[in-house]
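Both complexes below contain chain A, partnered by chain B and then by chain C.
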Partner chain A sequence: METILDILAVVILIVEVILLYKLRQNRFQEKLTGGVRAMVLVAIILFPVLAVMLGNYHVFVTTKESTACQSCHVMAPMANDMMFDTKSQTLAARHYQNGWIAEHECYSCHADYGFQGTMKAKLDGYRHLMRYVTKTYEEPIRYRGEFNSMNCYGCHEGSRTFEAVEEHQPVVENLKSDDASISCLNCHGRAHPEPSRRTPGHEDYKWLSNPKNKEISVKDANEVKEYISNLAVSKK
Partner chain B sequence: MRKVFIEAMLVIIGLAISIPYIINPGPILMFLFVFVAQPCIAVAVMLVLWEVYKDLTKSNLL
Partner chain C sequence: MSNKKDDLNLSRRDFLKLTGGTVAVGGAALSGWGLTELIVDEGPVKSWHKSVCRYCGTGCGVMLGMNKDKLVRVRGDQEAHNKGVICIKGSMLDKVMKSPERLKVPKIKKNGKLVESTWEEAMELMTKKFKESLEKSGPTSIGFYGSGQLLIEESYTANKLFKAGFKSNNVDGNPRLCMASAAVGYTQTFGKDEPPGAYEDIDHAETFFLIGSNAYECHPPLWERIMLRKKANPNVKIIVVDPRKTKTADHADVYVPVLPGKDMLLLNSMCCVIAELGLLDEEFISKYVSFNDGKKGISIEEYKNFLKDYRPEKVADELGITPRQIREVAYQFASSKATMSLWTMGINQRVQGVFLNNTLNSLHLITGQICKPGATPLSLTGQSNACGGVRDTGSLAHLLPNGRLIAKEQHRNEMEELWKVPKGTIAPKPGRHALAMFDGMVTGDVETALIMCSNPAQSLPNNRYYREGMEKAFLVVAEIFEDTETAKFADILLPAALYIEKEGVYGQTERRYQIIDKLREPVGQARSDFDILVDFANRMGQGNLITYKTPTECWDEYRIISKSSKYDFSGITRERLRKERGIQWPCPTEDHPGTVRRYIKGDPFADKHIDANHKVHFYGKPDGKAVVFARPYVPGKEDVSKEKPLFLTTGRVVSQWHTGTMTYRVPELHRSAGPGRFVFHPSDAGPHGLKKGDRIEVESSRGKMEGIVDISRDHETPGVVFAAFYDQKFLVNNVVSDDHDPISKEPDYKVTAISVKKLS
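The block that comes next holds the complex of A and B.
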């Protein structure tokens, strides 16, 4: 799909350049001929509207992908912990690294956020985009409001392992009530790294922001040396 | 032809942002697409449609 979009974008660009150049050649005509009118229709209405539609595909569909969340620097600690920290015990990392969610890992849990969903969710998405670009945010970022545990229930409802735990029944009743007071996180631990680890200056922050910065421990360094020497021997 | 000069400029600005965003989406291009490119193209389309409407009413077709 991405390749088709790229090709369409390049086609739009080429056609637009040709049409706008031809329109410029006709700029001194007092009366517009049928051909020029058709060019105006295509160059200023049809193709730009098509470009907006293709762009909105990314706004509403591609933003569901976890890599889209990861592309914002401010989300990097959450995404990198989820994707690359093999020792992490956060819920997000366990779900991602064990392949419990097939696709759209971030969006599956945060289904009530972003450019999809309710008007409030859309406004939140636009507000975050605005704050990110204008750099009017402070790290560590904090979740405004409360996570809706019914998002967990959406996947876990009816699963054998979930239904087998008797303690889940009163929790589900509580979650379904109008004044839910229980969160899945109360028993199942943090969803993402603690705010302190996501604060600039913390020893984990550097590599949580960019996993390439992870320092190799002495043990790992010895393993790397051994691997390289084995490789050199095998090539001989 | 001067009539569509502003519209053409707005479309050029809109596409200059939209095309890179479609090819390589990222947060900054997304911001520009949502808050700059889309309004520019929307205004251009509305201005052209307004011209078409004026032409049609002038020639008693509407």
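The block that comes next holds the complex of A and C.
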């Protein structure tokens, strides 16, 4: 579906360029013929509207990809920890590297349930983008508001390993109550590297912001192999 | 065709249009951004504050989310040693702080009932009663029973006030019930209390030897760390020794289900196997270890001869396991790259608690599994401040601050000088330990006592007996709730501040000191235990002794005092505590990073002894050598028989903490734990005709009690009945034996022989 729409968008773009060229040729005509009027309708109204709709859809879809999150430099510590640090014990790294989330790794955890959740995530993504392009942020960036533990529950509910742990019962009870205050992260730890490691100047920051900067001890051949294979093999 | 030129220059009008369009688009974008900034759901938290969990000895760093004076969120501190992991109890601390059942005004017992009073009246009566006892019956007639949950400044003040002010060494507390054996064990072996290693060793260990520890339920963040270590390294092995098949045992690579009360045989047998297999680290032993039989030094050959009585084939039957299991475990322990032992109450709360602790330390010493990353013995502490508050301040009947002993004149004189009191002020005879203090109330020798932050009427073994004493004595109880079992015995009930309603320092398992800041005012008229003690000192005419007025001033006095000991934490200032995520002592200067592992390079007291040939120096001993004790197994009085065919063992469950004073009030945790009950293995329930929900009478040598039956095939073992002690309607300690270790005086909560009778 997405591929078809992408092809359609390209076709529309090409046709639009041709139409605009044709219209330009007719721009000093006193009277517009029926064909030109139709071209105006399509080129000035229909295609732009369609293009906006397709563009929005494209943005909606592609920003679900973890690569979209990664594309901002400020997200690099999170992404590199998640994808490349094989010794990382953060929840993001464990989920990503074990393949527990099939696709849209960042989005799966950071968007709430349903259409409302999607819209909320998109609006927040827009806020991130604006912050990023206007450079109105400080590292380490911090999660604003509260992470919704129901996003964890959405996947884990009903799974054998989740249900087998009876200690989850009071947690679920709390999460579903009117006075919910608990977080899954309380017992399961950090989702991403702790803020101190994501702070410029910290010894880990250099590598977290760009794994190519990782200093490798040549004494440890296995580590070198592991590092290179991690760099070379993309998950997708 | 038109004659108009194709003019590409922008007219003024076009420029304005373009500008207008750009502004409109830009404005829309910025408005959209502004809108998204406004609609972010910030949650209820207005400010976050670094703190420490209120509950167990793990000492997890937490971030507390406050909304004005309300605690609304608790999260793990990602920057602290626990790396953001806390447990379900700590996660719901906000609910405890919200509890409407808090005690808010002082009360005095009149005509058998507690009636509301004023602080002035209550403190005056308290002062009068203590003065009367001191004048009439002397310093031994009064006592202080504290807690491993009081802040360091509070325990230090009470200890100083009673020992140097009232000349009474009757200062003890609930840490006597949970880690006295570990403290004595470390002191005998290394010459100094507190562990040589740290939690960080978990990240390096290849073998975990858990004995008498249900870390899954009792120290969940540490268990999570162990599991992460195992996931990160497939060579990691977990050995669990426990009479119960706990949830910890579920995850073991090797589970060793020894019979209750017999594990001293296992440890000695492991030492024996290690010696026989030639797995002794002879170089380490020759440099850093001496041997002793408890009375005198012995040779390594004599030690090996001692171990011959514990060959696996000789002891396996009594342990209820096979010789092969013993050999496997011993080999794994000694041959691993790094072995870490972890234990808790299953070892400490035993009549041979000190011997067990000694022998665990010995296993590490004879194999060289110590003083290197991942190799260490580490006793996990039960309470949040048993180490810092009680062990380190010396707030036990036989101790003085920083490892000093009352029985040693030199130590008394040192403290008299540091506390600026005349020589001879501190009485030379140790005071009454926990059980003896309440026994003294029964006999009438202890007339008046102050109990703070503890619930002995629910937690003491052979409970009914000691309750008699609580009824007889004049008790002043500082409490957070009015309906606790101990509050019922109070003659004066003082409302105490809870957790972030006061300020002070906690010290947890691995010698780490962390600060709790005051984030809100106490409820009602409640006061901090520190304020109560300072007020009490003034009223008792001890204003010249307790000269400080704030916890910060008290900390500075104590911090400077520590300089004259090997505990030296004088570099841990209040400012550093607020800035850093806890600091491990020794830490002698303000720029010292703290000490992760003791007795090796990096420990300020070992550094000068370390050279190319000496990597370790046990400076607690005059010769720099730790002691391996030849400790025999001595059968306890509590053993199964035809009349009492089952063992009763008590412990904690994951959703409840201690006597449930706080956690049982949290609805989610209350429902999760359910009521207190006796849990049987099906193979024991069957022959007794028991099914889940039946009402039974349990009888031990200490008495009888009724309770309901639960059955667990997964987590109990045949012959062992488990009961937790969090439910005040199920006082299991009524039947638990108060036999105790003769050295540490710590009671044995783990081994009581019982019989069972079905009632319905």
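Keep in mind that, in the parts below, the second predicted complex is superposed on the first by the 198 of 236 C-alpha atoms of A that agree within 3 Å, B and C clash if a C-alpha of one lies under 4 Å from a C-alpha of the other, contacts with A are read in each partner's own complex, and residues count from 1 in each chain.
One rule holds in what follows: a residue touches a chain if its C-beta (ideal position, glycine included) is under 8 Å from a C-beta of that chain, and two chains touch if they have at least 3 such contacts.
Note that the structure is predicted; figures quoted are calculated from it, not measured.
After overlaying the two complexes on the shared chain, residue contacts for A:Gly55 are found with chain B alone; chain C is out of touch. In the superposed pair of complexes, A:Val171 makes contact with chain C only, with no contact to chain B. Of the two partner chains placed by the overlay, neither chain B nor chain C lies in contact with A:Thr3. Look at A:Phe28: by the touch rule set out above, it reaches both chain B and chain C.
When both complexes are overlaid on chain A, the residue A:Ser159 reaches neither chain B nor chain C. Touch criterion met: A:Asn186 reaches chain C, while chain B stays clear of it. Of the two partner chains placed by superposition, chain B and chain C are both touched by A:Tyr126.
Shared contact residues of chain A, touching chain B in one structure and chain C in the other: 28-29, 126, 130.
By the touch criterion given at the top, residues 28-30, 87, 89, 123-124, 126-127, 130, 144-146, 166-167, 169-171, 173-174, 177, 181-183, 185-190, 194-196 of chain A touch chain C in their complex. The part of chain C that touches chain A in the complex is made up of residues 1-2, 4, 6, 29-30, 32-33, 35-37, 39-43, 45, 72-76, 78-79, 83-88, 90-92, 94-95, 220, 224, 228, 231-232, 654-655, 668-669, 671-672. Interface residues of chain A, counted against chain B in their complex, comprise 5-6, 8-10, 12-13, 16, 20, 23, 26-29, 32, 36, 40-41, 43-45, 48-49, 51-52, 54-55, 58-59, 62-63, 68, 71-72, 126, 129-130, 132-133. Residues 1-2, 4-5, 7-8, 11-12, 14-15, 18-19, 21-23, 25-28, 30-31, 33-35, 37-38, 41-42, 44-45, 48-49 of chain B are the ones that touch chain A when the two sit in their complex.
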